[in-house]
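Letters are used for the chains, namely A, B, C, D, E and F, taken in the order the chains are written, and counting of residues starts over at 1 for each.
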Amino acid sequence: MKIVTEAAERIKRLEVQGATNVALTAVKALVEQMDVSGADNRDSVLAELAKAKTILFKTRETEPFMRNAIIYIERTLRNSDLQTLEELRSLAQEVSDRLFEEFFQCRKRTAEIGSKRIRPGYRVLTHCHSSAVKMVFKEAVKNGTDFEVIITETRPKYQGRITARELVELGVKTTMIVDSAVRSFIKDTDLVLVGSDAITSEGNVINKIGSSQVALVAHEARIPFYVVTELLKFNPLTIYGDYETIEERDATEIWENAPEKLNIRNPAFDVIRRDYIHGIVCEEGIISPHSVTEVIRRRYPWVLEPLGILPS
Amino acid sequence: MKIVTEAAERIKRLEVQGATNVALTAVKALVEQMDVSGADNRDSVLAELAKAKTILFKTRETEPFMRNAIIYIERTLRNSDLQTLEELRSLAQEVSDRLFEEFFQCRKRTAEIGSKRIRPGYRVLTHCHSSAVKMVFKEAVKNGTDFEVIITETRPKYQGRITARELVELGVKTTMIVDSAVRSFIKDTDLVLVGSDAITSEGNVINKIGSSQVALVAHEARIPFYVVTELLKFNPLTIYGDYETIEERDATEIWENAPEKLNIRNPAFDVIRRDYIHGIVCEEGIISPHSVTEVIRRRYPWVLEPLGILPS
Amino acid sequence: MKIVTEAAERIKRLEVQGATNVALTAVKALVEQMDVSGADNRDSVLAELAKAKTILFKTRETEPFMRNAIIYIERTLRNSDLQTLEELRSLAQEVSDRLFEEFFQCRKRTAEIGSKRIRPGYRVLTHCHSSAVKMVFKEAVKNGTDFEVIITETRPKYQGRITARELVELGVKTTMIVDSAVRSFIKDTDLVLVGSDAITSEGNVINKIGSSQVALVAHEARIPFYVVTELLKFNPLTIYGDYETIEERDATEIWENAPEKLNIRNPAFDVIRRDYIHGIVCEEGIISPHSVTEVIRRRYPWVLEPLGILPS
Amino acid sequence: MKIVTEAAERIKRLEVQGATNVALTAVKALVEQMDVSGADNRDSVLAELAKAKTILFKTRETEPFMRNAIIYIERTLRNSDLQTLEELRSLAQEVSDRLFEEFFQCRKRTAEIGSKRIRPGYRVLTHCHSSAVKMVFKEAVKNGTDFEVIITETRPKYQGRITARELVELGVKTTMIVDSAVRSFIKDTDLVLVGSDAITSEGNVINKIGSSQVALVAHEARIPFYVVTELLKFNPLTIYGDYETIEERDATEIWENAPEKLNIRNPAFDVIRRDYIHGIVCEEGIISPHSVTEVIRRRYPWVLEPLGILPS
Amino acid sequence: MKIVTEAAERIKRLEVQGATNVALTAVKALVEQMDVSGADNRDSVLAELAKAKTILFKTRETEPFMRNAIIYIERTLRNSDLQTLEELRSLAQEVSDRLFEEFFQCRKRTAEIGSKRIRPGYRVLTHCHSSAVKMVFKEAVKNGTDFEVIITETRPKYQGRITARELVELGVKTTMIVDSAVRSFIKDTDLVLVGSDAITSEGNVINKIGSSQVALVAHEARIPFYVVTELLKFNPLTIYGDYETIEERDATEIWENAPEKLNIRNPAFDVIRRDYIHGIVCEEGIISPHSVTEVIRRRYPWVLEPLGILPS
Amino acid sequence: MKIVTEAAERIKRLEVQGATNVALTAVKALVEQMDVSGADNRDSVLAELAKAKTILFKTRETEPFMRNAIIYIERTLRNSDLQTLEELRSLAQEVSDRLFEEFFQCRKRTAEIGSKRIRPGYRVLTHCHSSAVKMVFKEAVKNGTDFEVIITETRPKYQGRITARELVELGVKTTMIVDSAVRSFIKDTDLVLVGSDAITSEGNVINKIGSSQVALVAHEARIPFYVVTELLKFNPLTIYGDYETIEERDATEIWENAPEKLNIRNPAFDVIRRDYIHGIVCEEGIISPHSVTEVIRRRYPWVLEPLGILPS
């Protein structure tokens, strides 16, 4: 399990970041581990796969896209009647290639759809750095749409600065503000776009800390608020009653030389209330957050399968 | 129709209470009535069944689970091509057994799902006495979760006292308040759980009088509010435009020796607005109230069948 | 201090009820105690008065009208330069007579004003039993206005039954509901009137438990909600930062034979949010709850005096 | 293309009005144009059809029912393997007949469902003139329900007058008010019913200018607000990110002899926020606006087909 | 009483319009009537005055400025100890001159204050025709502020057209919309200004029908909403419990040739909820609507005097 | 004018910070400048004073306490009939001493009042660094109240760190979070306390950027939100229509090495909506924000005097 273990370590130490990169790294390790496997029959291949899954799942408290991808591969192999390591390894490669290919097509489609929401002259506010939102902006630039962006700095890791640099490079007129200033600028805003780290069965969206405040502020001022995301960010455990775990990061991200007795809390995400979300922009188009679980059931039924929810 | 008529009387006189008991009693009578039937062909068996259905439907203004169960049995018999009383009677028994077995499995699953929403240290508020909610509490106790419950007394019939006794017996730290005190205790509450008497096609939930006020109070204070229910409580007539009938009970339940000229109104239920419901905890997991009709169509399509809505 | 002590006991044991009766009893005892006083100079008379005040203040956690009345009498005596017991006793009688006379005039005026809010054909909802609200209803009957009343039973002490009896005797068409049913009847309601136990400097109103839920329900449905009260219910300590103390009453009021391990909480009052109050109907007319402290300063400046707030 | 072009002109000049009439006219022209077609093979028939479609789509900025109807016919022809003009022409006739037949059945069913929401004694408020709402009223009259209607005049074209005349003729007690008076009459209203020009994938509804204000006013006062519509008004482009185009009409409709320098803006529609819609009354029954896209996918999957959204 | 009666007739027939003109006409008649009076002593002069007051009060259901002006004059005469007709007549002239002079100074001051709320580049929405709002616009033009106005047409009397003409003449870029389109344009609006017909003791404002909907729409979108008014529009009767009477005008204003059986309701005003008013712009500056009664008591104490509210 | 000019420079360069220090510095310079004045009569003394005022007013766009203090001193000198420099200088010293002495008494009183709102066991959230709030915390510690504090870091200047250090030194259990995390911690909060930079005539409060978001979040979750402030922070110009100017600070405070083309906006304050403020804790006690202007008129009438608002 060396390959898988090493990949897991890199994910744990945050050397790999972003839901997509994490999923790619994990799946790649999973498949490559099979190359050096000594398993000589179907059962032992599947047993090793299960072991690898357990190791990778433990890297992060919640990382739905990675989990959904691994579940998909494992399930396809189990459902096949292939017997040899070679056959199974080959199918694993094929399935993972197909999954990511479709994922990137989805992302492209999502960007096309999202870009149509940006009308000429719009000022779009965003928070943190989301590759899905960035692709929407790129597509809008490609469409020749004239628009501006307001970006929060996004404490504590200043991911807003990454977004700002990218937008300036794209030639988009960009304004940076502190996270606390969103309410002061919301009236000059026509649209809010944010990404997503996870989606729950109730239709709530987990995203970078501060997102839920931006959504509340937009709601108060009747400004449309959209989440741009791939649906594979859906966390199937939430339908089964589990809460999405909110990762808590190191205190030093907030204050390096804090007084000893000071308690520092650093949750990395918060939960955007579905009632404040106008629409989820995804590979299915623009949908209501309330319908997301039904869409998952129709489109990715295997995502819900491992739960053993009673069949109808 | 003696067996059916007697069962109907007992239901009417409230000797049988609770949606599940009512459905069990009605279905049992329906099947047992077939034992003493003189019907000698398929047509007359089905005609008797229809007659029994009419009698049982009249017992309560609305009792969706009983109605759905009877509809399911009648429909299965009609769809079969069985001809003799014996065959039909046997199928009726089999179908009703299967239905209730699945119902109890659903209930168990629902309790498991709901119990995960109760985090250690939570104070959960509930209203009235709901066997579905009670099972969630039992499951949480079984999980070893340390939690407390705030229970309203639930006038006029004081069903909160039944819940209180059960919880004390389960060893759960329990606090009782009058129905009017919910807003005073909501800040000390982490979660609200209530049961359901019926669900409408718009996603609203009918439950014991006072439930809609509890939901409003929870909404005002941003406290999560969940309905624990089996989906067979769905009333298919609401999709067809009918209002859920709210049973009005005897004035003496409120005041036995009231002044003669005093008008007393005693509706037994009220309607919880879907916008105040965070999720419906059911055999499908936790879902948005807005998606409930689509879930019914997918999972229990026969529930909607008798309506004759235009096929697609 | 025998007379005062006995009065204090009767108040403590709830033999005297209602803000007005409590104030009348306390002030009467205060004055009559002077008759049997052995004090032979101004200083000892005032010292006895202070002692009596302390005893009476301790009877209830908060009873603003009684407190304001006693403060008024003590202050008048202190501000006079009278020296003998006879003179001071006589002034005490005169002042207390004047205070209550004005109080009853205010109450009459308040009833006249409030009665104008009841238009012909109105259905007015009220909660608990308030003598101020009752006087409004009586005045409306006197005006010949045709109106109906919806009254909650008001658990745990069923004071709604007292209101119901009085209304039926007045010939008013009256409907009783349980406290939980307010939201079901609010659409058939044109106006809500409730009384007040205390008013805070922020403009919130303390009244019988459940009042704040009625206000919330009325607010949700855009139904006008008025508080009928005398301004001497204002609690001057709240301007100084104190919270209004909410009396907690005996558990047996809620359930006499409750299981031993069951915790029962029985707060007697709750706090109506000023934003849900359309107006305060008082001796000054109909005013905004936001302006109540300024009205007190203008009209009853002595109410605020003992606080020693910095003079301007 | 003479027949199609002439029909397109009549639609453009507003000689044909109402979503249903526009669709009927367009489809009829499409089919009749085939009669005079010189096309002698499948490919040229389909090419002509595509040309006709383009001409008809250009008549109005958005007219989802017409577009969906044309898309349906074209798709059926393309999916067939018929080769000759005669065969294709015949199929076109058959398909269009079936489509409209089903449409009128849907409308009838919708009226039946909607009429059940009108309880005896109800006052129903409506805005503008909607044939779907009118059919609900007719059905309620047929049911013998005693109800009243409040109708806005609906500036600038006074379509409320058409509704008023029809209702008076139906014998319904009807009251007309100016559009600005809705908030003054909402308390006397039990139900609001409006029609629909288009439905978006997020569940918002586009309807005559002013509808969104009526919805907001109803929401503020907790009055149920329903949209009566056929689901074929769904605009599939919105799921793909497009905004529904709001037609802007001539300034003279508002003021014929306006001062020269005065700017006049005359949008014909506005967008009703899904959160203010209690239910959509349609051929599927009463559904939540949040589930409308899922219903379309299940019931009219071909509506979404041309978008090329990624298949699952 | 000929002069007074004739003035009253002109007011009743709406030949005199606008609160200020009505007050001017009424007071002028009152004073001129004294010229032809045969009264030869103080008592008979005052008796005639009372009679004139009654005639003038009856012209309109509510016209607070006229009423306050007449009350002021009558009160000043009564409070003087003048004895002869000449002396009293002279005082009446003097008082009425002073009152109106101060009124016009207030109006000028109000315009200056209000104009500062219009920032360069602002788009200001207004409803109907208000001379107070018009003066604010004129002052802003005088200040050299570059701003635009959105004006509703204001059915049924199209007073928005008067405003539009005036603004165009002032050189202000102006856009007219129908009353129903306010919600569609509120996002492009920076500020809403409306006038006032009456102010109540609770802080609500009565203004042209539709104003309360504009306020609600502005509130939903967090757009500042101000009322520009002189405080003498305060209706003192409201503090005493009276409702402001809403004048109902002729049905033909809405539809001249309406079907016979059609009921038409034409209330001329509605009530703007104080919670939707950011500030009242008046001669005292910008104040909270909640404090308006206290301001009246301080600034115009005689307005409240005739009510006989209990003195403190 | 050397002394005044130097003080003005230090204020401008932010070497002097905090409303109180700024006022103290400005007034001290004003008085000391008189020592070196060559003015030899009343008129030239007052002329110099006016010049000094102008210099000091220009240092900051808005600093109401400093402005009110200077206005008070100038006004007292003008209202006196003193003639010589010595006499006027002496009065200036006396008046300024009295003003600040009273100010510090107010602050102490405010702290006492505010500390009573902190109940044992409370968790209090605050934002930025406010000396008024700090004094409340100190007083609560002195009272022996056991409480915790949640403090935001307050970007861009991290003033939350100052607050955190002070609290830790006071022995208060303190938790720091990023500004974006307020909504995640509001449920664990019992009370919010913030300071104030300025108060407007409408009752809104200007405070450190982010305060208005904290208020909105508290409002959404029904958590009490109080502003602790001295009333001399009232900005009298707002009553006259002026907007409070929001200072915009240097971009480098947010990002030192930002990309060249990136626009950075750095407003230092935002406006807390009065509807989200439960009470203003000040030297008058706890008052509604709606009544603040009336309180100023009564307590500090000279604050409004220079405006020349029409006298009543």
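Rule of thumb we're sticking to: a contact is a pair of C-beta atoms (placed from the backbone, for glycine too) under 8 Å apart; a residue touches a chain by one contact, two chains touch by 3 or more.
Owing to the predicted nature of the structure, the values given are computational and were not obtained by experimental measurement.
Within the contact network of the assembly, the step distance from chain B to chain E comes to 2. Remark: rotation between chain A and chain E after Cα superposition is 180° (nearest 5). Where chain B touches chain D, the two copies mostly use different residue numbers: shared numbers make up under half of all numbers in play.
Inter-chain centre distance (chain C to chain F, centres taken as mean C-alpha positions): 38 Å.
One inter-chain figure worth recording: chain B and chain C are separated by 44 Å, centre to centre, where each centre is the mean of the chain's CA atoms. Centre-to-centre, using mean CA coordinates, chain A is 38 Å away from chain D. Counting partner chains per residue, chain C shows two or more touched chains at residues 220, 275, 288, 290-291, 294.
Here the touching chains pair up as A-B, A-D, A-E, A-F, B-C, B-D, B-F, C-D, C-E, C-F, D-E, E-F.
Across the complex, chain A is touched by residues 102, 105-106, 109, 112-117, 119, 275, 278-279, 281, 283-288, 290-291, 294-295, 298-300 of chain B. Contact residues on chain A toward chain F in their complex (touch as defined above): 153-156, 161, 164-165, 168, 173-185, 209-210, 212-213, 216-217, 220, 246, 254-255, 258-259, 261-267, 270.
In the complex of the two chains, the chain A residues touching chain B come out as 201-203, 238-243, 274-275, 288-291, 293-294, 297, 307, 309-310, 312.
By the touch criterion stated above, chain F contacts chain B in their complex at residues 187, 220-222.
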